[in-house]
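When the chains are written out, they are named A, B, C, D, E and F in that same order, and each has its own residue count from 1.
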């Protein structure tokens, strides 16, 4: 199994969820995060004190998939999450040696 | 070493922490997250506009353990986190190639 | 490629970001988290009800780097994040099998 | 335990109460004259201005005052439901009051309850009633309504975070008619049993509602806490206030509004009103210091929650005395109230092991009782002398215990005990009935999810724009077609 | 669609309106006498006290009342911009009012608009004007200013979350002069077309601003919603209130402040003021119940947002009637308002598919219209009889429809229709002009980032200390050198 | 630097001040007559109603007004401690005032300080004192108390986020007695050195507290900022307001409450009060516009924080003039205040490099000083003429500079300089003493954790139900056994 970690723009979350659902991947865990990279932040002023907020709000998705589904999943995430502008985000894939469904104790691929 | 990532119901956090402490695992990092899966969300209404909130609040635990402790840890998490109802969550295990304790610079198993 | 996951004290975030920038690592994803470990929490009282808050706010950094840059990155994080006091945090390194830049579809090292 | 005990004792206590009532009423029912109406020429613009202001201030105590104070003390998932309890009572009580509540409280009737002359606000118009000779009768009615609103709202503090919305409504309505109206009539109503100004048998001193408002609500709150039982997880998981910030704002508004509550009870823009205003302020001040310094000594840190709770405690204690005592005595009474309520809300509660969620009893029940007794101690004839204590010609009038008047202490005691009995018996009976009708508590799941979601289908805060604004269609928060035409939400399974 | 239609029809409607005006004005311009000033000896301290209090209460309705009510209903990223709209209007409208607005509204002039006698507040001093014979002229002026402030502020609810700050300012100023001042003059100004107290042709009943304030703002709000179009994503992504908690506080303050709005409109601390006070309270109470119970029946749960919206709806409906009807009728009117506005704010809005973000039309436009008509139905001569309806000697006076006075219904209808026409035409013209000048809507990116950031460069909440306090220098939120000497921010690329 | 300088200069300045005092006092100590008491027949219900309302409004300025305004501007971790500073002062100052403060300020005494006649509120009852002939003496006392509460509370803005709670209490008490009471006596007390109404040597105009309240608190705030030094990380890490939302609410309440502050200072419901009411409102309006438009021009965006800060600045500037000038001049003064304080709170502060956390000096010190001088410029004899400036028979009275009265400018200057000197010297001495006694600043760890936790053991918000409600027993937030019987918390190591 593989763990897909995708960092995307928050307003793309819906599109990605839908794309994954289309290929039968319904289990996803989402985490709010802040990203640093090429994309610039914004500026705020309070009584003349100027503040440059350098990070950008992002959402980190964790999706554990069967190795054979991995490529398909990555591709559909890329497709759904792309806007073509800086800051679209990244996808990282890492191997998963074991998975368990807590409710049933089922292991590995049955657990997904 | 192995990184155990457990997605559990928030109100089980305490039980899981205690269970891990029992087997001598005291280091844990917890992250608030939102889960999508079989478990259904809830509905809210504001001036007649009905909203179906599809995600469920979860907590993601990251626990890095010696490989030999891994099975024991996974089992006690499963035991402590189970309610038997949909939404109990998942556990994923991934290999860790290196660990460092920042304070001392100690490496790998000494770092845990 | 390697995924560096560093759990650090929130007020060290800036120093670490700067240290990484110095060695040319500009892409970072940060997540707020709560840590349990040797470092103690604090106590609050509300109308006599005493509460011992056992966790400590931390920040989890995820940085995906080329394998050859990994050691350098880890070392500069350790250096920048160290205060010498309990609670400085941990660094964990896990292998990454694939990386994708969503905007361009570039793969692996080009994607970082 | 205590709960079962009370339940089992309900009937005998009730009978005892009935006897008490029976004892007095027939004798007096006859004697009481109807409420007199006075000519419009009596009206004073200055008094009318102040009393309209006071009525507005007292309403502000409930909303937003109490709604914020209580709303901040509950957990995030119950904030709206808790604020709603205050807000909806502003509505429900008003309707009941107009239909019959006011009449039961302030028409002459017997020593225990008023008649129906003023039902549907008949004869409640521009002409002043003898209760407040210089303002329109309808202003007196609406001013009293504001008291009738906040009293049941105070009880919410005891059943917060676990009572059904429907049960809370039924309870409040029944409690208003069954406990509040009789109490108001006995203490302030013409010919009331405890009315020191119009020939009550026991001339009790209660300027602005120590017994009627605070003891009655506080003791009833204790009954609610006992009957409903503890919140799930109480004592095991912490239940910290989700925003003491809101509570500080609420407490400050309560303090400000209380000027309308106490100084308004003079029913005129007179030196008496000013005296009550001053006493009120000083008692709030020392109440806050009392509680905060008690904590400082005991646990090393004065808490903000302690300071604001103490201010409220001081205000509760001074309420019955505000129009009868001096500024300096007020400083003492407030201090006593702050320390005393700190003890009842921490030590006593944990010792007796009931879950009075927001200390409605600890502050209002305990503080009200202390205030009723201290009022007897510190009352000063020179400040304000009820007809019942008028001195025989040539003799100097004595009002408070310190002035050498002992009978007042007895009357205060009677009033206090009677209020406790009526509150206990009335509340237990009403709670039992409501429990049978709709059930008092929400289910386990509902309590766990929080009352905002389970009772009202809302959440108090949607602060994560990312999540509330983007999880549409794909299973996140999404507008269903029913109301809005949207791209059909993808079904997941 | 509807939007295009309206745009295309603007000119003819405008001409029709002009004719209407023309029809009346010449005839009357002559007839109207200048506003009379009275001697200082007329002043009443009691009335002055109450009216200063009322003015303060009405200002409190806008800030913090409305700012909180609306601010809580928008998404987190727009909270400050929304509160700013209320706050800045407290400033801008005041200046315009002092310079010329007050004069246009309350100098005699013709049947449609006042003259310039009071421009720059000339002759607006201590001596009472005939409008309010027992208080200083300047108090009447400032009291009326508070109305002029809240009226355009109510419109914000329709264009919230998408209008440019600059456009919003220009629109509000033009709207004040082009719609509000004429309306105020016609209904309350000396010789106004609809003024039932000083020889208006159509003697309409509007005690505290049902037409002038609520219909005019509510209908104009609808125009804004139509001209600006929907918020991006409306109907696809949910847009839940970011903090109903704030809205509950705001609603409660509106309720309290409304006593100054309605009871203050009696311009004295008199029984009439008290009557309005009582009616106001009861209508708010049943309004809340009406909306909440409607939801309870329809969807199984009474919402807190529903209850507070209903209270406001009840207050809107009673506004024109508050000084003309009885408490019991007020209970009915409030109830009707609560249910009716629940329908217009949910069903109607979704059916016609316009995005009235916070239901400014649904509550104020619809509720104001209902209130204007119901005022005709439930007015009671015995409560308050305008000179226009004085009965011939010997006959009993009739005011409301229920009392058998049918002509009042016709006058209410004329007033209502005329207000709708002026609001529609005036708003459309002003919106078009502003659109040409600066553009009405913010750009897509700006709307997505939120108005707080794009219009004001701030965010409402910085709750993550970790992130706001530590991301300095290294690219996070950092003080640039410009203002403060700091270690140079590391540049990233 | 500046800090050391000031410290070293403290003694000479103090001596100079002493000389100043000495200069006047002996001469006058004799001359001053005791404060006269008037018969009850003087009382006016209308005036009493307005003054009770005003007292309530001024208290509302501190709590919740200032508590919200300041509380929103600090970082999340200091919100409660900051609100607590306002709240606890409502308590502490009241006690000090009752015991001796009021007497020192308003008993006759000499030109600089009052005597002890009114200590423990002796003779402070229903009979009016000459200060306010138509209301009870005790109402005048409590009204003045509300001023004594908010003045030290304003200083909190300078030492926010780093001062010890204990130090803050000691400082405030000493400051009240050592700086506020003398200032109040000099300007408003019978025979005060600067009192234009009862034979002060320098007849300064200060209607509602420009010198007494704003300059004295603002300048003392600057001293606090200098003595305490900067917050750790100031200028390196950003310290954005954690919730401008709270601050907007606070500012709006300050605006509303200020009507009680300024119009109340007329001590009657008179045209003078109305004039002050009107001037107050207009100055707030243009103040907001001034600051916001300055930002708009300078940095391209008007901020909400700027608008609310400007409103407060406008209110500060108009305070001394509110009862002496016209609405149109008020518009100008407010505008000047908004722009001027925008400069002092941004440019000046950064240029001099002191950390006046919430700009207590930038707004109150600077604005108060500007206001004092502008009052001399824009005062109008026709509005309100102090006895000191009464014109010889037959001649027309002149008050302001624009009316050709130059001496008033000199008196304003003397009053301003004297206030600065007393504030600087008094504050420095008190701060040094408190520093020796308990230390002014919290430790580094405590400052880092935040004052809420370190000083009060609480946190302002517990919004993460997950974490606050589930981390029990297992090391998370858990009720220790001490108070509640719980499953023992698992110890970790």
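Everything that follows uses one rule, which is that contacts are C-beta pairs under 8 Å (C-beta built on N, C-alpha and C of every residue); 3 or more make two chains touch, one makes a residue touch a chain.
It should be emphasised that the depicted structure is a prediction, and the values quoted were computed from it without experimental measurement.
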- subunit A-subunit B contact: same residues or different, taking over half shared as same? different
- Item | Which of B-D and A-F has more C-beta pairs touching across its chains | B-D
- Hey, how far is the Cα centre of subunit A from the one of subunit D, in Å? 52
- Item | CA centroid of subunit C to CA centroid of subunit F, Å | 46
- Calculate how many whole Å lie between the centre of subunit E and the centre of subunit F, each centre taken as the average of the chain's C-alpha atoms. 34
- Item | Rounded Å distance, subunit A centre to subunit C centre (Cα mean) | 18
- Mind pulling the residue numbers of subunit A that touch at least two other chains? 11, 14, 17, 26, 30-32, 34, 36, 38, 44-46, 48-51, 55, 94-95
- Task: Could you list which residues of subunit E touch at least two other chains?
- Result: 44-47, 49-50, 53, 237-241, 244, 299, 301, 303, 305, 346, 350, 457-459, 461, 463, 465, 467, 469-479, 483-484, 492-493
- Touch list for subunit C against partner subunit B, complex: 2, 5-8, 31-38, 55, 58, 60, 74, 77-78, 81-95
- In the complex of these two chains, what residues of subunit B are touching subunit E? 44-51
- Message: Going by the contact rule set out above, which residues of subunit D touch subunit E in the complex?
- Response: 40, 43-50, 52-53, 55-56, 59-60, 63-64, 67-68, 71, 79-81, 83-84, 87-88, 90-92, 94-95, 98, 120-121, 124-126, 135-136, 138-139, 141-142, 145, 165, 246, 452, 455-463, 465, 468-470, 472-473, 477-479, 483-487
- Item | Contact footprint of subunit F on subunit D as seen in their complex | 44-47, 49-50, 53, 57, 75-77, 233, 235-245, 248-249, 251-253, 255-256, 259-260, 263, 268-271, 273-275, 277-278, 281-282, 284-286, 288-289, 292, 299, 301-305, 307-308, 311, 327-328, 331, 346, 350, 450, 461, 463
- Query: For subunit E, which residues are in contact with subunit A within the complex?
  - Reply: 237, 448-449, 453, 457-459, 467, 471, 474-480, 482-484, 489, 492-493
